[in-house]
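You will see two complexes here that share subunit A, one where it goes with subunit B and one where it goes with subunit C.
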Partner chain A sequence: MTAFVQQMVLGLLIGGLYGLAAAGLSLVFGVLKVLNVAHGQLIMLGGYGAFWLGALAGFDPFAALTLVIPGALAFGAVLYWTLFAWVVRASEETRVKNSLLIGFGLALALDALAVRLWTADERSITTSYAGAVVSVGGIAIPLVRLASLVLAGALIGGVHLLLLRTRWGRAIRATAEDWEAALLTGIDVRRAYLLAFAIGTALAGAAGTLVSVGYSVSPSIGLEWTLKALVVVVLAGLGSMPGTFVGGLVLGLAEAAAAWGFGGPYREMVGLVLFFVVLVARPQGLFAR
Partner chain B sequence: MTRPRGLALGVVVVAALAAVPRVARTDAELNFLFLVLLSTTLAQSWNIVAGYAGQVNLGHAAFFGLGALTTRTLWIGGTPVLLAMGAGALVATAFALLIGVVAFRLRGAYFAIGTLALGEILRITVGNLLAEISTLPAATIASYRLADRYYLALALAVATLGVVGALGRSRAGLGMQAIREDEAAAEASGVNALGLKLLALASSTALAGLAGGLFAYYHISYYPSHPFGAHWTFDALLITFVGGVGTFHGPVLGAIFYVVLKEYLAVRWVDFHLLIFGALFIGIVLLLPGGLVEAAARLRALAGRRAP
Partner chain C sequence: MLEVEGLEASYGSFRVLSGVTLEVRPGEIVALLGPNGAGKTTLIRCIAGLLRPRAGAMRWEGWPLGQAEAHTVVERGVAVVPEGRRLFGSMSVEENLALGAFAPRARRGEASRLEGVYAIFPVLRERRRQLVRALSGGQQQMVAIGRALMADPRLLVLDEPSLGLAPRLVESIFGLLREINRGGVSILLVEQNVHAALALAHRGYILEAGRVAAEGQGSVLLNDAHVRRAYLGPLAR
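After this line comes the complex of A and B, so read on.
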């Protein structure tokens, strides 16, 4: 019984990161109607950013977040201007298809670039407090992962408030709802796109940082994280940041249950199977409102 | 190019390729051409469902993998290789039809990511169940002749091109292209969309299954989950798009370009070709949706205008 609870606790802890990984993808998809399949590669880059800030400049990984997030915001803006600004000019159907292809090319290029620059080795940040564990009734909770879960929740909550309360947030939500109507009411739709994409990239960067401290990064983790984020987006639907966080936790728990019931190798399967079933049961996806 | 001239040129090229094993001094040339032919087959098979029928199938590797797994198992078990490859194609197609009925309820990007998930499910399952590396028996290795593999690859590539060439002109092929342009409009004018999409998927996956069988026949040892890897799908997609998606010549040009670049760059930098191809691919999607085929047509038009 203890072993089961332990598994589920660990599942919940990584589930927070799934939620954070999906939040950025969901925001970009919901607002720009652009499916960025290189989202996992952005997470990978964020992870390396934090890793090198630690290795070269001695940054604590959690402190590195204060540099990785603005860096990712800027990187997202550049990516939007150079690539995705071209895509959003097309009609909505072509938009999704072209963005899929461009994201795919980007994913491939970033994977190859990461291997060239940093080799294929797995890296993870080890801090002085890396092994610290809180014990509750025989259940061990790694402190770093607990902090990551809390931070993930806080970041998603922050973006949620930003969208809900600020002028820019309202512009982004209006654009997501109906960009033509938003344009008519005088909202700068292009700026809303840019903002949403930059925030989405920043969320990916933050997720990558937390992955590199509690877990590990390597150039090949991109596809895996894109799939995780997609699964969560399909489970949770678009348009709600807290919903996405909960969706991430659900995936984490489902994976832990599968690993406990069928063995570790089946951890990866459960999400994909869930994903396919939900997708087919609702042909337009839970994506569609 | 006009049809008779194109066909005549094709015959000459195939005849020249058939003569290569007699004149090649080392195995390197044959291995290189084998890769070009395998890539052509794989990309062209993907082109049927994605290029002609417009259904971006990101689970193509699953069918390549199923063909490889079935062929390898039967062939090592003593079945003649051609029979084993046929069985591999059959298994791939049967699985495709089973999946297709469900997956074709998805449209556009949802179909793409749904099939990607399916491919990954299959890869992980095979990796879990068959974790041991698959190596040919010593007797088979001793009697291994590269030329056999090469001729088979040539035959398969020619057959694939024949299928696509015939399809492009047929009523079914035109129906597929109509679905690609506008599915609702195609159905309204009497095209059986689901039927034709399943036909496209079946022929595409049968050829992918055969290509997988060829891979199983060619490679001495590999992990059974390797042919299921998503990178096989990605290779096919890149080659097709860079060459020219939805065209007959595109995947051929793309395959030659891809393998040349890959082999040439691999000497110095591992995987560097992926960086170049990724960037090239983005450029082509944004600026030149017709790929190399369109670039060639534009150049020819330009040259035609210059020449009196």
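After this line comes the complex of A and C, so read on.
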């Protein structure tokens, strides 16, 4: 029993990162109607960004977030202007085709760049408090991962409030719902796209930082994280940041349960099964309004 | 005020407008009538900046409209109530109205204009926290007009505001349009409801197959033999 609970706790902890990884993908997909298949690579870059800040400048990984997030915002803005701004207003067929090509191209380029810069080795940030654990009734909770879960929830909550309460947040939601109607109310929808993409990239950067401290990064993790994020987006549906966070937790728990019940290899399968079942039974997602 | 001259527009190779000329003068209500497919909505999309015309000129208070970015048209004082209302259904009434005042110029005096919209449509004040998609068709039309008024327009362009509404509701909406016009807002009204539109409008244009087929004062158009035959039916009195 304890072993099961322990597994589920660890599943919940990584689930928070799944939620954070998916939040950025969901925002970009919901607003730009572009599936950024290089989203996992952006997470990977965020992880290496924090790793570099630690290795070269001695930054604590959690403190590095304060630099990684603005850096990722700016990087996202550049990516939008150079790559994605060309396709967002193209006809649907062109947009889908070209954005996938751009995304896969970007993913390959970033993978290769990461191998050049950081080699193919797995990296992880080790801190003085890395091994710290709180024990609750025989269940060990790694502190770093717990902090990551809380931070992931806080970041998603922050973006949620930004979208809900601010003028441009409302404009982004309006653009997601009906971009022509948004134009008619005087919203510069291109700026709404830019903001959404930049925020989505910042969320990816933050997720990568937390991955590099609680887990590990290597140049090849991009695709894996894109898939995890995609599963969560399908699970949760578009349009709700808190729903996406819960979707991440659900995936984390489902993976842990599968690994405990059927053995480790089934961990990676359960997400795809969920993906399939949700698409068939409730294609709008569990939490979409 | 609004001048459209020789406007041509097409979707791909399909030409919809072939040389439309019309104008809206300060303080006027102008009706734009015509059968489905005549190009009425296309003309509005050109004015709103959603579609680039192929040829011709459009000026709004002397400012060229044809090449303008859509979001800057509102800023200049032209607000459009699109066909089918196009509200943000997952947002509340108040959020929809607030989005109407998104343009920088419209943000000044937003609070007092919101009061003005609630004064015209009191039911919206009661429903302000409700999601728009939970409202009736008539109330949604009020939100759509209210959202456009929040932009503090000098020209209000409406694309078939009577569509899908019960006749009594249409009457009250048209009555409110007259009120809004008396408040100093010019109106370009696209309608299928020829009788009601011409009764409200100072002048009207009949658009047919992408051209202006007839124009004149509302009452004159209403009595025009061609208009009567084509739009009011043989039994029209």
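A few points about this structure:
To be clear about the criterion, the second predicted complex is superposed on the first by the 278 of 289 C-alpha atoms of A that agree within 3 Å, B and C clash if a C-alpha of one lies under 4 Å from a C-alpha of the other, contacts with A are read in each partner's own complex, and residues count from 1 in each chain.
Just so we're on the same page, a residue touches a chain if its C-beta (ideal position, glycine included) is under 8 Å from a C-beta of that chain, and two chains touch if they have at least 3 such contacts.
Keep in mind the model is a prediction, meaning the values are calculated, not measured.
In the superposed model, A:186 makes contact with subunit C only, not with subunit B. Using the contact criterion defined above for the overlaid structures, shared-chain residue A:171 touches subunit C, although it does not reach subunit B. Which of subunit B and subunit C touches more residues of subunit A: that partner is B.
Once the two complexes are overlaid on the shared chain, A:239 sits against subunit C while remaining clear of subunit B. In the superposition on chain A, A:113 makes contact with subunit B only, not with subunit C. Against subunit A, the residues of subunit C that register as touching in their complex are 48-50, 69-72, 74-75, 79-80, 82, 86-91, 95, 98-100, 102-103, 106, 147, 151. Interface residues of subunit B facing subunit A in the complex, by the touch rule stated above, are 56, 102-103, 105-110, 112-114, 116-118, 120-121, 124-125, 127-128, 230, 234, 237-238, 241, 269-272, 274-275, 277-279, 281-282, 285-286.
Only residues 35, 37, 83, 86, 93, 96-98, 100-102, 104-113, 115-116, 223, 227, 230-231, 265-266, 268-269, 272-273, 275-276, 279-280, 283-285, 287 of subunit A touch subunit B when the two sit together in their complex.
Taken together, the subunit A residues at the contact with subunit C in this complex read 167, 170-171, 173-174, 177-178, 180-189, 239, 289.
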